[in-house]
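Same chain, two partners: chain A is paired with chain B first, then with chain C.
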Partner chain A sequence: MKTLVIVAHPKYTESTTQQLFKESVADDENVVWHLITETIDPAKEQALLLQADRIIFQFPLYWYSAPAVLKNWQDKVLTTKFATGSLYSLAGKELGLVVSTGAAQKEFQAGASEQFTMSEILRPYEALANKTKMKYLAPLVVYQFPYLTKIEQQRLFMAYQQYVTNLQFNHFSGQEEWINQRLSQKIEAEQDDKKRLTLQQIQTVLQDNQETLADLTLTASMIKRNEDE
Partner chain B sequence: METREWTQQEIDKFIKESKNFRDQSFYQALQDTTVEQFKRIEQLQGEVDGRAWNTEKW
Partner chain C sequence: MKTLVIVAHPKYTESTTQQLFKESVADDENVVWHLITETIDPAKEQALLLQADRIIFQFPLYWYSAPAVLKNWQDKVLTTKFATGSLYSLAGKELGLVVSTGAAQKEFQAGASEQFTMSEILRPYEALANKTKMKYLAPLVVYQFPYLTKIEQQRLFMAYQQYVTNLQFNHFSGQEEWINQRLSQKIEAEQDDKKRLTLQQIQTVLQDNQETLADLTLTASMIKRNEDE
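Coming up: the complex of A and B.
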């Protein structure tokens, strides 16, 4: 799967969140990291879009929307002819959003200070995906990055990697399989024989658990089906 | 030692011995995944046992 990450951040070099994300996918050849500016060549941008299976808009939330640089990009690149019209060039691709905000997660609900949920605020992108026949992915939202502990940053680092590279990032079985594949790469790269052996044993446990979980899920669903009859 | 405890202890060693943020993040994710697996297995085994213990079907 090829992923295009469109980064729209007016203070990009100062953003520790963006640095963490960039580092997270730095050595992945299937990920194109694309920082956009005011200067745009629509034809080049469209060519980049066509090569991707998953397209991600990545931005800090400015007044409940993306910074102007992304809106400008959308208006110039997503022409009617290209995005809808008779071509529907983006049909079947996935659209993901990685959004950061300084407000706390608990504020994005009815009755709290922000009043609206993040799903409501990001509705224009969902509408864009719908209109262009793209599949809208559940957004990855980062709330109050500076307050994250080290372990929370590590979990975000991995969640981001999966959001960008894992076809099934939103299912536990997909996460298990992704970790399993990455573990195989670690085992292959490990120089120390003893450590390699331990990693192989851990992988056996991981794979056995995957199988046990799949079996148990099937058994539970069969029992439930019998109860319904 | 039980498999569950052994796995968590061994992954913990990899987390502690990791030389950089990237490796440490990976082993933490591996730990989180296996912990979640063991939890789900326990829950599902409980569900299967509970549903099988259905007096109406006796």
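Coming up: the complex of A and C.
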């Protein structure tokens, strides 16, 4: 799976969130990291889009939408002819959003200071995905990054990596599968015998857990069936 | 009441909708018609905003929000310090939206081609009004302007005039009152005796209708009260 990350951030170099994201996918040859500016060549952008299976709009939330630099990109690149019209060049691709905001998660609800949920605020992007026949992915939203603990930052690092590179990032079994694959790759590449052994042990524990979990899931579904009868 | 109309339209000179709107309020000294471009002096824009009681964002819908030129304006003019912070410089003012779209009204609903209602799509502007303590007005949306008949265009002309200049544009009694005031102004200014008489007759009919309506409203509320008991 090829992913195009379209980064729209007027203060990109100052953003520690963006640095963390970039590090998270730096080694991945299937990820194109694409920082956009006001100067755009629509044909080149369209060519980049065509090569991707997953397209991600990544931006800080300014006045409840992307900074102007992304809107400018949308207006110029997503022409009627290219994106809808008769071509629907993006049909079947995935559209993901990675959004950062300085407000707390609990503020995004009726009665709180932001009044609306993030799903409501991001509706225009969902509508865009709908119109262009793309699959809209549940957004990855980062609330108040500066307040995250080291552990939370590490979790975000992993979550972001999955969001960008994992086909099944939103299912637990897909996440397990993805971690398993990554471990296998690391084990194969590892030169140091001792380190390889540690990685293999981790993988064994993970696989044992997966089996235990599969048993528990079966038991739970049987209990549920009895209750339903 | 002073109104500032912020017009954001990349193809302004070609837009017949914008021409109709401009004509509709051309004579009104309480309306500032402000066509924006990429070049912005935030301090000047803020000064314009401070003078207005009603602020209108007027734009064609591009990818379910305003063209980039307005987003750029928002990002640069509505600074935290000015719009929120401790100042809340826009608090108490009204925020109106005049939005034009090439899609039909019936498409803006679940299951139709645009999937979402216009209220949902415009949520980011409602959130902006909420955040800056402005009063969000029900938007004036123009669907498929080129398909409007002459009569429909005339109605839009009037509706727009009211949206921009009438304090109570969204209440029927407020609309009547506004028309009555406009008629009185016209009668006073009219030099031709015959034309003045015609205008006076129109005003008499209007006022008679208002009285009849008031009677009907009273009767209806009495019937309703009996039903409720």
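Everything below uses one rule, namely that the second predicted complex is superposed on the first by the 210 of 229 C-alpha atoms of A that agree within 3 Å, B and C clash if a C-alpha of one lies under 4 Å from a C-alpha of the other, contacts with A are read in each partner's own complex, and residues count from 1 in each chain.
Here is the rule we go by: a residue touches a chain if its C-beta (ideal position, glycine included) is under 8 Å from a C-beta of that chain, and two chains touch if they have at least 3 such contacts.
Remember, it's a predicted structure, so these values are computed and weren't measured experimentally.
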Check your understanding: A:L50 contacts which: chain B (first), chain C (second), both, neither?
Key -> neither
Exercise for review: For A:D75, select first, second, both or neither according to whether it touches chain B, chain C, the two together, or no partner.
Suggested key: second
Check your understanding: Which of the two partners, first being chain B and second being chain C, lies in contact with A:A214: first, second, both, or neither?
Key -> neither
Review point. For A:L87, is the partner it touches chain B (first), chain C (second), both, or none of the two (neither)?
Key: neither
Exercise for review: Identify the partner contact of A:S65: answer first if only chain B is touched, second if only chain C is, both if each is, neither if none is.
Suggested key: second
Point to revise | Partner chain in contact with A:R123 - chain B first, chain C second, else both or neither | key: second
Revision key, fill the gap. The residues of chain A that touch chain B in their complex are 23, 151, 154-155, 157-158, 172, 175-176, 179, 182-183, 186, 195, 198-199, 201-202, 205-206, 209-210, 212-213, 216-217, 219-220, 223-224, 227
Study note, to complete from the structure: Seen from chain C, its contact residues with chain A in the complex are 10, 62-68, 71-72, 74-75, 78, 113-116, 120-121, 123-128, 130-131
Check your understanding: chain A touches which residues of chain B in the complex?
Key -> 3, 7, 10-11, 14, 21-22, 24-26, 28-30, 32-34, 36-38, 40-41, 44-45, 47-48, 51-52, 54
